[in-house]
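Listed below are the structures to be examined.
Shared chain: subunit A. Partners: subunit B in the first complex, subunit C in the second.
Coming up: the complex of A and B.
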């Protein structure tokens, strides 16, 4: 295309945009105005617009229940799942036997902890030198010394089964989606829903179809961890350079050979990044399976937090974080590890040095642990856990008068001046006001499609029948994300001005993102006990991570020439920030904001066990029974709200990027 | 198949990109231009191209980016399925082959070198070179032997166990060349093989390429956007624009007698004396006294003789053993770049 036609097209685009801008303003103002009018005239408008009356709400839960029971009994899905359940149970039992000596096939003894620690150190050394060796070995030494070995192994035994399954099924589905456009188009919305579906909606079906315990935990974990694997596989296979593909075809590859020798190896990096994601999500989920009675670190943490044993909780929290960081670093090191060539004539043992070293370490520590029982197992009495001391320390610290004064003030201030007023306001608003306002915001951000989605989805939430609870959920997420931006943005702007600080900040955020979400409740509970503030604080900490990360990345990503041009144009630092850097960074920041909302919806549901009054609370109650229908109506209320925001923000970011030519 | 059959022949080949190219081509009026086609929502990658390449010949396809030269070569190897016309390899219509036969054809007869090398990053040099052999199921020992031989041929001995990322661009392309030659193809496609290399390395690789071609005598289709490279390497040059071939001829003829204005623009800057050979300017059958000059000498290399010799015509020994007469004035005009 010639330059002049491009310029023409752009000018036409700009004119259309400016006409569009006034039209957008009119539509948005009309929608928002109508919403406000409804709120003001609340006492006089028909009650249908304020809240849908109960008899207008269809019995979705019953219908869903009927559907599920039809699937389960009439179609006979239950037999299929019970068969799968048998196989998975066999595998998790085998893993459990090897890791902590559960009395099942293959009836080996549990691996001594020292063997696991030493071998992971060797693995770490091979993948990333002595730092990783220290991290990997140190994590397991810590776990053993703290007397948490068995719980950690219970957790890992589920991961050991779930990750290979999640990886293989994800890879397979990814390849199908890459081959068939139609399959991909069908898959995309499913993945979107899975991404926003609250974890209780993974847990309950898993329990009903796969029985309580490790099997249900594995199934929930597999389903939860799979989506990014699918996406990364598609991305990787699409990115194989055309030259490489053509070279393969000209080499006379058959279709199978193309896949096996050309596509899959060339997409290695992306596929391994997918594996990394699978591992991290699996860890996050397996911790949460504590809610369906899966023993392990998560269950212990839940129990300790419930009984307010802060010291023990803290120690378990550290273990979970260490495990997360170790698994993340090891799998990421594998992504970047490139094969090295050996000079001709290198002896066999030198080519396989690390494999031999690993075997030798295994044997050495296995033998040693036969003679030194302390290397085999560390009992509760021998452990170095200092739970009660830390407990006293934390409680002592919180009991100091000025600390107590501060936390009390924060609690009072937020409750009285922030949380309660905004919550009451949101509950006051007529249903139809919220729907119209959301539609207006959707139109403002992304045009008619997000507006339509917001209208339909929020109407659906009203129709599903849990409106007030949905508003409470929405309230928590909005407040927390707003606060996260309030605190996170200045921090990110400060860091982005400095080379070293930005690097540290991104590193810290990336590390924090690998922590299982459950962990974020810990500091909140430590500071504020079990109160509404705790929920907001947990979400706030959790969502600040993406907000800060993407803001720093967006600001740092502004091209050098452009900031230099701004400097040469005589812009002050603030002018440069507001007029140049922020506009260019906005699409990236929007991605962070979107992630923050998704994270917030996830976290607010987890926080239910602290005692919220929102959708999460109801969902948690369904876990006790077999209320699959109710669970799903609640779950989809969350999905609909989250997806409306997701679609609106994403389409805004995409439009912005187009305009900026990014 | 007799020896006169061209190795590659293309008759009225079309390659259109768009929603439904076959249907469009069948109802498209004769003489539609590239722009007409584009305004109908189609892109003419290859537009009504007919040409032949005979055994042992090197045809260079020259054109700017987007002129369709890469598309054309992909039609010859059926990396693209053509929209209309016929492409024959050794007399066989390649569009009639089924998938297995096509794979067999590529495994036995064709080699291709790519602009950005197309090496498999997870395989060593040796494994990359052996790749086509592995695909056709040759046993490990034989393919290793052959691959080592190829690696030596392109001068990479000692680097067999390196990975592509450990090599320079020039070295990577040597691997690409070795791989394309591993199956001993008759036909060798090179798609801008040296364009991604810096000028010094490019020159070196061209010399290397000429050396290999002297040794191997393959039938070659070579693509370039660099006119100097085309002149340096080609037996014949096809110049492409907007998917169509503007002129196919020997370098001498293209420089002396460009068929269209577009071609003429390319030749303007060329030092014709270094391209045109004595045999092309010579009139056959006239006998002239004196020491004959070789027919494959360029006018530039004869400069001293042309200036010092006072006779009107200079004898030339033609390739077929006869002699011809070179008009000294005409040759001097070429030497000094004067228009006739």
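Coming up: the complex of A and C.
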């Protein structure tokens, strides 16, 4: 009886779904059809639909300029921000004093490198045994041996301030969002805008409001690295099981005690994953923030690149990756490590064995370095840097004739037959065609809401007045994401079947994400010239990371019972992959795809360093002459395009999840 | 000579008390950018200030956004204002107020179309621009559609390469590199098989030492070539001349600097470097692989006679 009603209900549901599907298809087909029709009839349709005429574009840049000057001068926001940057400056200076002896409070001497290396090895050992001890100690030994100690410490002095702030503010905002639905609803769009606003738009406000130097750099780092912290906090707090909450209530906790002893400890893993993301993103920003005064590795890297020293910039890149991996592994080990419990009566020294060991190491190496200067500081001339040898190696490789032949072919094929024609095609399309097509795609993916958003946002891009450049940006982004799927998916599927391969793949993703993209821009230019394919390749490395990572994780996350059931039903490997694993992993893969788009929009603007003709190039121009208003109209063109894709993909993933009952 | 400089050094060492009375103890913030000569020059001047008993700090910044920081007093000065590359940002900041021109260096700057020497083998008529135009096709790339390709500087340097190609009717397409590093990568890639290239370049610059080359000789610059169409060979177009072969290299100072650090400001207005001196600074870092601080030490030690008069004139 109950079975038959359930079957009925399911049948009804399926019918409703199929009616829904037909309706969706009609609407999407109408929209796309209209879009194509407009493109075909281009010579005959009114010119307003082809491109918005100049006099229909409102003076957004002037209004924004007026707005900024009102904020800065009339209501005196600059005094508030300058006070904040004063405090931040005090903190970064203090960290700088401890790490490399900058002449500021508390006026200590610089720590010898060997002390830092040895103590981090002890920390690594406590958190994760020999392997981590080796990694943590080895990273700092490498840094010192390469003669990069001072720069690395300059970088870390800012990171050491930015990361705790990013963590605390993120945690606080996350808790507020968890407490108040309305706050969360207001916060989400702000976070999305912060994440998609191009880096070039942060540059000028950071310099004006927060003073060029470590302070502006730490503000930019905090803002950029905070969003995942907020999101993870919300996820973690939501997941706290009701019985735990109940237990807390019954023991008569106050609200503060509930938070401190019930919610936060239960959400510990998610919160610490958030911390880990903060660290990774902060290190990914090291080079970019050098434009606004971040001292250390990033600034050195830029200087090396401008005097064409590939080898030494490569070495700096390795250091940044090593630092990122070390901090990442240490923080992950901290997540996994549960609090230790000792039997009553364990002596104090036994409970704090590692603390004591750390202090002893500190003393030992501090004393040693007083007698052995090499343990205190390694000068440039003593270092093992092999910059010029690597230079010769790289240049030699690029000069080999078959390498040249292959890259010339790739360059010719992609530029002439793929990129330039598709680019021209996208530029040919009337503005209204693109708007309608995007609305159609939005409807197809997520229904009327994403469709409306896509319609409004792409119309806004047209209204902001940089349509052609926006299309070039969109073109690079779409191509890069498409190629990332084309190459990344098979790689991820192959790796997901194998335990070791997936671990290596994730490691490769971490490396690619933190290895400063600037370093491979130069070899890419040498191989492929300053052409569209170079831009795509530079973005591709970045966009493949989330595609691979989330596909691997999605496929490996498919419950074992389900794959076993498929095996028992006699599915072949392909059938299992296509009919079972893939559909179940799809929502996770969609998250990866969404990330890929956001990364691509981020990188396409950075690729202006190679030489592009899109929004990024125009933004670069606004930096000369500090043209804030124009800078933000360009920045928001990117934001609108990124947001409409983000919203569409996310609502598609949500619908899939609901269908799968996840 | 040696005696004199020793004497000057002695006065320099004894003056801190006097100088400190007048100049503020707050650190003088000097911006450094991402090319070697500017970094070394900033370190040289920083060390001169330290000899005068002043506190100095360096901050790395973007070379365009820095003028906003000078204007707000976040950094005290800027030692290399290139007419071509930063003239626009500088003038813009000048009109908003807060910073001023603190005099020129002796060095002159030139920024224009340039080629590495090996290019001349394929196009012997160089450096004349018409000869360059006649062998345009050897500069063609897969994407340039048969025309020659000229690699211009980043758009924010406002170089007007495209306008010049149109004004002079040249058979070239102009592609903008995104950064100085991108220009070097292109020259570096052309080097192994001596492929002819023509790119934007400037002097004084480290690249001269790495890749010998020459500037293309365009119709000589006339005043007003960028604002009056009648100037230059094409009567109907702007930008139909080469860039000025003697562009300025200025120093800029924050308006408040003269009151806060009078003697440091005085030295800033007095000091002036020449082309060979700047090239030497860049060479110490770019080819001799010294760190900027060491390079500044070395340069100062070798040039006491140059800098001491500036210091003694102000203390």
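Simple rule for what comes next: the second predicted complex is superposed on the first by the 576 of 662 C-alpha atoms of A that agree within 3 Å, B and C clash if a C-alpha of one lies under 4 Å from a C-alpha of the other, contacts with A are read in each partner's own complex, and residues count from 1 in each chain.
By definition in this document, a contact is a pair of C-beta atoms (placed from the backbone, for glycine too) under 8 Å apart; a residue touches a chain by one contact, two chains touch by 3 or more.
Computed from a prediction, not measured in an experiment: that's the story for all the values here.
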Winner by number of subunit A residues touched, once subunit B and subunit C are compared: C
Subunit B versus subunit C as contact partner of A:307, first or second or both or neither: second
Which of subunit B and subunit C A:541 touches, first, second, both or neither: neither
Partner chain in contact with A:249 - subunit B first, subunit C second, else both or neither: first
First, second, both or neither for A:485, with subunit B first and subunit C second: neither
Subunit B versus subunit C as contact partner of A:257, first or second or both or neither: first
Those residues of subunit A which subunit B touches in one complex and subunit C touches in the other: none
In the complex with subunit A, residue positions of subunit B that touch it: 74, 77, 79, 103-104, 106-107, 110-112, 114-124, 131-132, 134-136, 158, 160-163, 165-166, 176, 179-180, 183, 189
Contacting residues of subunit A [partner subunit C, same complex]: 103, 203-204, 207-208, 211-214, 290-295, 299, 302-303, 305-308, 380, 387-388, 395, 398-399, 404, 408, 411-412, 415-416, 420, 518, 521-523, 525-527, 529-532, 607-613, 617-618, 620-621, 623-626
Residues of subunit A touching subunit B in the complex: 241, 243-254, 257, 261-262, 265-266, 268, 338-344
Of subunit C, residues touching subunit A in the complex: 29, 31-32, 34-36, 39, 55, 59-62, 64-69, 72, 74-75, 86, 88-89, 92-93, 141-143, 151, 154-158, 175-182, 184-186, 188-189, 191-193, 206, 210, 285-286, 289-291, 294
